[in-house]
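Across the two complexes that follow, chain A remains constant while its partner is chain B and subsequently chain C.
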Partner chain A sequence: MAISSLVFLAVVLGATGLFAYKASILFRLAKATKGPVWSGNRMDRLAERVETFFTNVLFQKAVLKKKKAGLMHVAIFWGFMIITIETMELFAYELFPGFSLSFIGESAYATLRLIQELFTLLVLSGVGYAFYRRLVLRPEGLGKSTDAIIILSLTSGLMLALLAMRSFHILAEPNDNNAVMFASMWISGIWQSLGVTPEVASTMAAGFRWFHHLLVLGFMVYIPSSKHLHVLTAAPNTFFRKLETPKGMRKVNLEAEDATSFGAGKISDLSWKDTLDLYACTECGRCQDACPAWNTQKPLSPKALVHDLKDSLYENKLALLSGKTDEVKPILGSKITDDVIWACTSCRACESACPVFIEQTDKIYEIRRNMVLMESRFPAELQTVFKNIENNFSPWAMSPDERDKWTEGLEVRTMAQIAASGEQVEYLFWVGCAGSFDDRSKKVSKALVSILKKSGIKFAILGKEEKCTGDPARRAGNEYLAQTLIQENVNVLNNYGVKKVVTACPHCFNALKNEWKDFGIELEVIHHTQLIAELIRSGKIKPTKAVDEKVTYHDSCYIGRWNNEYNAPRTILASVPQLKVNEIEQNKSNGMCCGAGGSRMWMEEHIGTRINVKRTEQLLEAKAGVVAANCPFCITMLTDGIKTKELTDKVRVMDVAEIVDQATV
Partner chain B sequence: MNIFVCIKQVPATETKIKINGSGTGIDTTGVKWIMSPYDEFAVEEALRLKEKNAGSTVTVFSAGPSRIAETLRTALAMGCDNAVCVDTPEEIDSFQAAKCLAEAIRKEGKPDVIFTGKQAIDDDCAQVSQLLATFLELPYATVVLNAEYGSGQITVKRETEGGTIEIIALPTPCLIAAQKGLNEPRFASLPNIMKAKKKEIKTHPMASLGVTDADRKIKLVNMQLPPAKAAGKKLAGDAAAQSKDLVKLLREEAKVL
Partner chain C sequence: MATVLIYAEHKEGKVKKVTHELISEANRAGAESVVFVAGQGLDAVNKELGEMGAKRVIAAQGDAVKFYSNEAYGKLFVDAVKSTNPSVILIPATAQGKDLAPRIAALLGVGLASDCTKIQIDGEKLKATRPIYAGKAVADVEFVGPKPYMATVRPNALSVGAASPGASAAVTALSLDTGALKSTVKDVVRGATAKLDVTEANIVVSGGRAMKNSENFAILEKLSEVLPNSAVGASRAAVDAGYRPHSYQVGQTGKVVSPTLYIACGISGAIQHLAGMRTSKIIVAINKDPEAPIFQVADYGIVGDLFEVVPLLTEEFKKALG
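Take a look at the complex of A and B:
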């Protein structure tokens, strides 16, 4: 082996060793986190995992949700893939002088060369756009990052080194096949006109080859400690992602004898998947752009949260690696404050925007759990809510004896009456606390009852036996209180053998559908918009009466982003005669939260501007007289927003059920 | 310090009260029982005082039927160290309750301070605190909004009729009855709830403390719900007509003019 080969080998081994060491620390840190993974198994359904890997890693589907930045990324990503072939070829050449991939055939090799030449230029233009974005456009979500500038400089350095190397090589060893490398050819023409001799060109080519080698190896060593780590972690994170959109909160085993702590108080309480999430983030800022809290000047940015959690992981490296978890510092501190954690509306806009499938809400929920269960640390307003749920089985201070008062004069039967009469019903109508106690929402309950009666579907309610699902407590971290209520409700449902449930509350819907199976009941849960859409489709109700209104539709987070239902409410609206629907830009998965999710409904909004007002302003863009919604809390928040804008006599908020009730006989 | 606190279990604030069949009390079926909210201020104050004085213990007392153990556990979960239950029949009067508590307290040594709520929100009698202090021959202050703890003396601000504030100093030991505003009661953490489940609650049957039916000073003859409120009347017409109607109604129907 030539001396230069030996030197190269030593450099490669050294760099690889350094990289392996740094990577092994990341691996060990991930292993040192002991928390359970949300939604359990991440190694099942391999075919689907491979599929998502192809669509979202190789074909960059999620990245391309944002057009310009997406295309830029595709150019750089595929360039990296294609040019790595050349890098490997050059590595082999350095070790075994004379090595070339030309054995694949002359025309194949020429094609490869052409493709590599094209991608070199594509990467350069991609990086050029990236520089332009960072330095000139400066979108807010991207923020300032020295790391990014280093990475972009290294990437463009690599491409320029390749072009320089190729151009000098062309001059040193002229060959007809070099014509495919049109750009390098053109540059080599410049060298020629400057009088560079083949001998000098040969030296220069070797020099740039070495420069490229060193940049590649240096980059490799740099990656594990930079945000560019995503080149290694985005793919596994996509592979191990939660495959389907709907998800429930992880059930905590509160009875576990050995449990000394609940939720995530320290970074070690999170799971390996959470750690991988932190590694996979490259701070693109899409989550922050989508975050209703951030966009109304709250201290929460999902991007900053992920970044700060990663910092917490690194800051506790020694304690984590030596297994001294009691020395790991708390997550909450100067960067991740209480206000950051409580600002989240759990709307999942961040998760929906994330191109690498990071699950931010899980972490926030786990941190809240620790704060509430272990330290009773929460906004003061929540104490009243917890007490009400505990004592009155509703977040409101209302008597449980009056839960069914809204049915007076409606002839709605209870499950108890149904059971006593020996009859059966198809659906249990889960009314929920809002539908039972909130004056505005009671009207929606009544509209739904009216529709169900028109359709002839047999249904009943639980009446006084219904209790809060515990969801407002659960999402505020009070797993203990929530589980008490869930269990009591599950017992009642099981007692009546309930199988099918319809509800007009997306929060009840999500809890019943996605969470209660952990508590011993399998239910077929349908949201009222889904049921109404089906009733219209099957002709059981017919919207024949014209509703001469212009409507815009507001997607609730828990029917939309949490459960992927965007069509049912829209098909309903489309079926109402004369009703005109004006969609706004921020709809469906890009819709903005009303501000009530994640138990924010029950907290004061002390910081920044109001989320509901911002959302109302977006909806007002539709210039519609009616805002259609599907959630009692959205209705409350948007009605308030319209009041703030002093447009109460011009714009109304209606539940989809109310519109349908109006349109049917 | 030896800190004592007395609490009462009452129906949850939003309970729809129904009278039992014999008219001797409320129908307790399906009632959710809670710690009387004023007593929560008392427990919180006791715990805060304990936290400021290392080595102190807080003992919580209650008199009532066996279901009160649940409420005593709530106090334990908030952070009280010991709990004492006086097991009584369903209906006892304030005099009996105070006597039960006084006798139970005597068995636990000398208090430095006793906290209670200013009244329980069920019968709103507001008598037990004063009776208890009298039985134990202690000075007391009721409706306390603020307390400052000095050595051998507690200075309290108490609310009096008409919204004026009275500032008085009491020598310790003494009894303080809490008004809303004294503090913000804490919410029990899960580990404390779990620990409280395992704690022992010392129980005295009422008779063992020498309290009997003969101690009862109030005999309940009959209990009734207040008559249902009649619906309001909306006056129509312009302002002049409305005023005229209103005066007429106030004179003829309400008979207040």
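Take a look at the complex of A and C:
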């Protein structure tokens, strides 16, 4: 072997060794985070995982949700993939002088070179746009990052080195086939006009080839400690992602005898998937741009959270690797503060925006659990809520025996009456605390009852036997209290053999549908907008009366982003005579939270500006007289927002059911 | 004779009435009433405790305990428990007591009946009555298991015995050895108001968005001046609009009050507001909208403009109360 080949081999082995060492530490750190993975198995349904890998990694579907930045990324990503073939060819050439891929056939080889030339230029233009974005446009979510500048410089250096190498090579070894490398050809013309001889050109080509080798290897060694780690981790993270959108909170086994701690107090309490999430973050800032908390000056940014958790992981490297978990420092500290964790509305705008399927909320809610269960550390207002749920089975201090008072004069039957009469009903109408006690929401409950009666569907309620789902406690970290209520409710439902449930509350909906199966009940749960849409479709009710209003629709997070239902409410509105729908830009999965989710409904909003006011302002853009909603808490938040804007005379908030009730006979 | 250990709450050299209620209850039951008190410059307080009928006082006095702190006071109280070996511990169900009692119970590993409205000390035994289901029902609880038996008792729930001027209690100083503390209170900064807190008032006059500005709250202040032991509260809308500071907010995310009389002026009665005042004994609502939900919980409703009604009310109360 030639000396130069040996030197090259040594450099490659050295760099690879260094890379392997750095990567192995990341791997061992991921293994040292031993907490349970949210929503279970990430190795099942292989076919679907392969499919998501193709669509989202190779075809960059999630990345392309953002047009310009997405296209830029596609150019760089595919460019790199294609050019790696040339890089490998050059490596082989260094080890076995004279090696070339030309054996694939003349025209095939020429085509390959043409493609590579094209992609080199594509990468360069992509990187150029990236530089422009970072240095000139400077979108807020991107932030400042020296790391990013280093990466972009390395990338453009690689491409320029290739062009330089090719151009000198063309001059050193003229060949008709070189014409396909049109740009390199053009540059080589410049060298020629400057009087560069073939000998000099040959030396220069070798020099740039080596320069390229070193850049590639340097890049490789740099990756594990940079945000560019995502080139290695985004693909596995996409593969191991949670495949479907709906999800529930992980059930904590509170009876586990060996459990010394609940929730995530330290980074070691998170799971390998969480750690992989941290590695996969590209720091693109899409989550931060979408976050209602961040956009109203709260200290929470999902991007910063992921970044800070990664810092916590690295800061505790020694303790983690030596297995001394008791020496791992708490997550909460100067960067991740209590206010960061309590600011989240669980809207999942971050998760829906993330191009690499990071699940930010799981971490936040696992940390809340630790704060509440282990340290009783939570905003003071929640104390009252917990106490009320415990004593009155409702987050408000309302008496349980008044839960069915709203049905007075309506002839709504309870499951107990149904069971006693030996009859059967199709649906249990789960009313929820708001629908039972809040005057505004009671009107929605009544509208739904009226619709159900018009349709002839048989239904019943639990009445006094219904209790809070425990969801306000669960999302505020009080898993213990929540589980008590869930179990009591599940026992009642099982007792009546309930199979199908309809509810007008998206929070109850998500809990019953996606969470209660962990507590021993399989329910078919349907949101009232879904049921109404179906009743209209099948002709069981007919919206024949005109509702002469301009309406805009607000997607609730728990029906929208949590459960992917954007159509049912819209088909309903479309079927109402004379009603005109004006959509706003921030709708469907890009809709903004009203501010009530994640138990924020029960906390005071002391920091920054009000989320509900910001959302109201967006909706007012539609210039509609009615804001249609599907959730009791959205209705409260938006009504309050409209009051703040002093527009109560001009704009009303209505539940979709109320509109339908008006439109039907 | 059974010993009852009582936590004394005091402010600016004055013992709070609820402490007197607890001492009287212990004495009525024929138990030895021992009072734990912590703070600085306790002479006046100790004297007052003696006049309230306390037999003994365990005083933790010094700079280190100048301000209330859950951690330090908790440790010292447990020391007092060790030296007096009581069979019953009574703590006021005030903000401070609610903060302290669970910690003491946990440190002692004993049970706790919170927020009681009646207690019955029978020799070494304790029975307590506490409201449940938002006051719709009451539960009688009896203690089993290890002593001491602990309860927190609501202010104004028990009657006070006559004070005996000149009587004094034997005062024992408690060593201030709290061991290592995780936190210490350096200073307490009070909000601008020196007025009665809405949670302590017997009568609350609240204003809502309809007040329109902070100056207009003066008419509510005037009404409050006429009514004894009263304070002015606000809805969140009024607080958000900057008419009043957050500490006045009544409701789900503000203060929860249950005064004898609650007068809601220009408040619609959103459930978030009701959550903070529903349990008031008598609710009076003044609102110009007869459909306002507040009227559903009100015992007396006045449909009208609050700017006319409130001054009239003030005048009438002035006459009636002399």
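By our rule, the second predicted complex is superposed on the first by the 665 of 665 C-alpha atoms of A that agree within 3 Å, B and C clash if a C-alpha of one lies under 4 Å from a C-alpha of the other, contacts with A are read in each partner's own complex, and residues count from 1 in each chain.
Definition applied: contacts are C-beta pairs under 8 Å (C-beta built on N, C-alpha and C of every residue); 3 or more make two chains touch, one makes a residue touch a chain.
Predicted, not measured: the structure shown is a model, and the values here were computed from it.
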item: Chain C versus chain B on the shared chain A, clash or fit after superposition; value: clash
item: First (chain B), second (chain C), both or neither touched by A:D401; value: both
item: Which of chain B and chain C A:Y480 touches, first, second, both or neither; value: first
item: Chain B versus chain C as contact partner of A:F262, first or second or both or neither; value: first
item: Chain B versus chain C as contact partner of A:L254, first or second or both or neither; value: first
item: Which of chain B and chain C A:F437 touches, first, second, both or neither; value: second
item: Of chain C and chain B, partner touching more chain A residues; value: C
item: Partner chain in contact with A:M374 - chain B first, chain C second, else both or neither; value: first
item: Touched partner set for A:N392, first chain B, second chain C, both or neither; value: both
item: Touching partner for A:T644 - first (chain B), second (chain C), both, neither; value: second
item: Intersection of the chain A residues that touch chain B with those that touch chain C; value: 391-392, 397-401
item: For the chain C and chain A complex, residues of the former touching the latter; value: 132-136, 209, 237, 240, 246, 252-254, 256, 269-272, 274-275, 278-279, 293, 296
item: Of all residues in chain A, those that touch chain B in their complex; value: 254, 262, 373-376, 378, 380, 383, 386, 391-392, 397-402, 480
item: For the chain B and chain A complex, residues of the former touching the latter; value: 12-16, 32, 34, 184, 186-191, 193
item: Chain A residues within the chain C interface of the complex; value: 381, 384-385, 388, 391-392, 396-401, 434, 437-440, 602-604, 606, 610, 636, 640, 643-644
